[in-house]
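Below you'll find the structures, each written out as structure tokens.
Presented sequentially are two complexes of chain A, the first with chain B as partner and the second with chain C.
== the complex of A and B ==
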């Protein structure tokens, strides 16, 4: 057993209101620079939809992630042979137009335009060329377009559905959408790290954050291809790739990452997971329908004395073990089994888990009358507006049973709380829903509390980074007393 | 005098600048060491240009290197006319592919607005040196045929004399092929330009990727080492506390 700690995340999709505040918080801190304007380390997509970059989930186009290769996995579009072969031109790399051309407006024209018959306007100019441009697309161009032909119906996940099921999904009275906020998953088996020919990408041992060493990156661009979530971005100005850093400078000083901190719907949770690094390869190579379970087996019980002993042997700080025991992510993912990874079939073992949205159940149309009454409250999980097959394509590599199980647990919590706060439900109905998923009232109340009432400190259990120690290991701190900071500085200037 | 300047001073200056400059840039300006690819801004024309250009140069470089390091082997190979012909035609084909690729890349720079935005003055120098180098090389190959044989007998000794610090320039300065002289001079110019241009990227071609393991983990605080380390020592206490 090789115990390591990983800072993991849960996004509760039922609570996401699609306000993009997370994206803006991130943009203002990290990517408001020349060459990085088009990057959205955090973005919010509408599902069903094509996402950003367009159709990123379709690995027939982008060749991201891993594919099963016997007992192990191999990179789909990169790797030692393919990477070095394609180093002069990477055939599967998305280009600027697959994202969008970043632009701004010539606001000065509003003031300097000569007097005329028309109102002066601020026209769009490209942030790449500085020339006038017609805006063709943007980072959230499919925002709220849940039923549209151009976006929703191009969703790659629909391929798993029969055409009849697809048609049913897009009937007016069934049409629906929900949001999917995405950041880097800081995977346990990161394809970006494996694909980097110059070894610039690495996973931090202490907290599992995946970073790109800007001094070692040589712009071979393989990480952009290899990341199946397209969360590694190429800075066209500096000639270096960049990605979400999980705000590690904030984490190290005990603050939540900016997108977590600013989340209006409070959908985000962050905490430590202890995992067994010896099991990574086997879990990544599990058959499709067992992928989620195999990944869940990697994460260890932080209360188990044997795990604690091995963790200490591996040098994991006591404070980190305590953080793992209080981790909201551990509760959502392992204890309550409510959260699932996004596209586990990419086999990168992502550490960002989603509680699927328990969407309003369907109404029916009979004789042209829109009928919202149902036999029971919310009408059961199976008549959800989004077909379970669709959700399974997103969150469980097609294992529908797994998604249905999560939905039933969420529904049991809802029915239980309805019983507590309103009391209009038949007690037998509640207890049968609870019994079906083996949930007791205490658990349901705890889920309710962490979902709806959790405070800042309950949502973000950040392990102390002990920066005081780490600095002392590298430098004699007193030698630089009174100086401005540690380390080196270099202007991020483009090479010649 | 001119010959001394061009075939002794220039090579040594170029090699010295190359060595010192590249090491300095790698060590102190690591951020600027990059291939600064522009595929992200334009991919189609890059494919048509970059692939033949790079693969052409790749094989030509190793061809030149082998001819320099193992001249006897090359001469022995060329002992039969058929093999000489095969070698010459292959080398010329790679030269042509590099040349056509480069012309495509120049055309791409000139016509793509987005790529122009990331074109520096040194990129223009790079294109000029490369065009000179490749076109002069093709002219040499066409006019002074069977270069694979006379290179080994005639240029290899000159190059070796440079590297053993005993420059012999009689042979090279007495040739009357202008294109050959230009080819040699621009080659040394190219080497001298490496630290100041994007040429630096071929020094960091990632061969070590072949033997490294796929996943990389870096520990900032090797606690395990620190707590149970046999190599633990007291260290030096700072002077001001």
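== the complex of A and C ==
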């Protein structure tokens, strides 16, 4: 057992209102620079939709992530032979048009235009070329299913559904969408790290944050292709690739990352998970339908004395173990089994888990008649607005049972709380729903509390950074004793 | 204090005068010496830079006999010609063009690297060698020197060796590059050579037979060749074999098929085509356009 600690995340999709505040908070702190205008380290997508960059989930186009190769996994788009073949040209890399061309407006024209018969207009100017441009698309052109023929209908996850199911999904009565905020998953088996020919990407030992060393990056852009979530971006100005840093300077000072901190719907949770690094390869190479369970098995019980002992042997601080015990992520993912990883079939073992949106139905349509009388308040999870197959394609590599299981738990909690707060439901109905998923009232109340009423400190259990210890993993501190505070940090200039 | 100061001044003045005297004697010596040594230097420089193609009295080789040339042409003209004969020809000088035509278009290599003083000392040497009575024998009437051409009697083995040296089958003793990398000859059994330098099929007659070729191969006057063989000169026997080979090539010229096509260039075009096809096949399944192109095109159409 090789116990390590990982800062993990849960996003509760039922609570996301799609306001993009997280994206703006991130943009203002990190990507409001020349060359980074098009990057959205945090973005919010509408599902069904094509996302950002467009169709990022379709690995037939982008060749990101891993594929099963016997007992192990190999990179889909990189490696010795594939890398050599594409050494001068990386054909599967997204181009700027796959993201969007960033632009601003010539606002000064509104003031300086000569007097005329027309209103002066502020025309769009590209932030890349500085030339006038026609705006073709943006990072969330599919927001709220905008242009659904072009975007929602082209959602890659719909491929798993039959055409009849797809039609049903887009019937007006069933039509629905939910939001999917995305940041870097800080994966346990990161394809970006594996693909970098310069060794510029690394996973921090102390908290598992995946970073790009700006001094070692040589602009190969293999990480851009290899990341199946397309969360590594190339900065054309500095000539280096960049990605979400999980606001590590904030984490180190005990603050939640900016996108977490600013979240209006309070959908985000952050906490430490202890995991067994020895099991990573086997979990990444598990068959598709067992991928989620295999990943769940990696995460260890932080209350288990044996785990605590091994963790201490690996140099994990007591405060980190305590944080793991209080971690809201551990509760959502391991204890309550409510959160699932996004696209586990990419086999990167992502550390960002999603509680799927429940989206129940309260009526049915038959022969054009809208029938609101149903057996109970909500129809069963199988008749939810979003087909289980669709959610399974998003969160469980096609294993529908896994998603149904989560949905039933969520429904049990909702029925239980309806019983507590409104009391209009049949007690037998509530208890059968609870019994079906083996949930007691205390658990249901705890889930409700952490979902709806959690305080800041309950949502973000950030372990002390212990930089004094983590720095020793990288260098001998005695070597630089007395030198700290001198010298310059290089500004990233293009080239070597 | 004052006396000391005056002393210092006096000694300074004395020193200045001494230095002036020295300078005067040094420069006088320089002028005298230069006049005396010009011809001497000139002889060495002539051998080093001109002797391969030119003689002063004794007939023409690759280039004309330079006997009396200093009286026939102005020094200014000669300087221009020496530095760049092509520039002089291009400037429309009739004499220059006539000389070039007379020598079959063989361009004299530019000697622009020599300082003016050196070139002038070469002229001085030529002038000193040109006896007054022989000045009337101008270069135009100079007869080609009759030298016994030993290569006429070369053995077939020697010719074969020359051929092998030319095509590079035999490595040169001092490691110089083989001729074929830059030159071509039209001779059966020799593959088409490089197009970088001149075709050598008729080089034997063009550049003055045995004597000319031996001179050129011994100390090549052409800049690219000079560089290539400066550290790796050809040996006597290699030169003899090559001269024999060139003699044979020149003589057999009428019997050779005139090969106007170069299979190498065809090979290059076909090879390039092949590589392009291979690249097309290997990268056929690449992402060719932005994934948004279809979406955008449809939206534009519906407007």
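Rule of thumb we're sticking to: the second predicted complex is superposed on the first by the 461 of 496 C-alpha atoms of A that agree within 3 Å, B and C clash if a C-alpha of one lies under 4 Å from a C-alpha of the other, contacts with A are read in each partner's own complex, and residues count from 1 in each chain.
Assume contacts are C-beta pairs under 8 Å (C-beta built on N, C-alpha and C of every residue); 3 or more make two chains touch, one makes a residue touch a chain.
Quick caveat: nothing in here was measured; it's all calculated off a predicted structure.
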(request) With everything superposed onto chain A, say whether chain B and chain C fit together or clash. (result) clash
(request) Figure out whether A:92 sits in contact with chain B (first) or chain C (second), or with both, or with neither. (result) second
(request) Check the contacts made with chain A and report whether chain B or chain C touches more of its residues. (result) B
(message) A:345 in the overlay: touching chain B, chain C, both, or neither? Say first, second, both or neither.
(response) neither
(request) Look at A:234 in the shared chain and tell me whether it touches chain B only, chain C only, both, or neither; answer first, second, both or neither. (result) first
(request) Return first, second, both or neither, reflecting whether A:136 touches chain B, chain C, both chains, or no partner chain. (result) second
(message) Under the stated touch criterion, which partner chain does A:147 make contact with: chain B (first), chain C (second), both, or neither?
(response) second
(message) Once chain A of both complexes is superposed, is A:189 in touch with chain B (first), chain C (second), both, or neither?
(response) first
(message) With both complexes superposed on chain A, which partner does A:55 reach: first (chain B), second (chain C), both or neither?
(response) second
(message) Between chain B and chain C, whom does A:242 touch in the aligned arrangement: first, second, both, or neither?
(response) neither
(message) Once the two complexes are overlaid on A, one stretch of chain B runs into chain C. Is it 41-49, 95-103, 167-175 or 203-211?
(response) 167-175
(request) Once the two structures are superposed, pull the chain A residues common to the chain B and chain C interfaces. (result) 89, 91, 95
(request) Would you pull the chain A residues touching chain C in the complex into a rising list? (result) 53-55, 61-62, 85, 89, 91-92, 95, 97-98, 136-137, 147, 149-151, 154
(message) List the residues on chain B that touch chain A in their complex, please.
(response) 29-43, 46-47, 50-51, 53-55, 113-114, 116-118, 120, 122-123, 196-198, 200-201, 204-206, 208-210, 212, 214-227, 236-241
(message) Under the stated contact criterion, what part of chain C meets chain A in this complex?
(response) 282-283, 286-287, 290-293, 295-296, 298-299
(request) Over in the complex, which chain A residues touch chain B? Could you list them? (result) 75, 79-80, 83-84, 87-91, 93, 95-96, 128-131, 189-190, 193-194, 196-199, 201-206, 214-221, 234, 236-240, 313-317, 466, 469-470, 473, 476-479, 481, 490-496
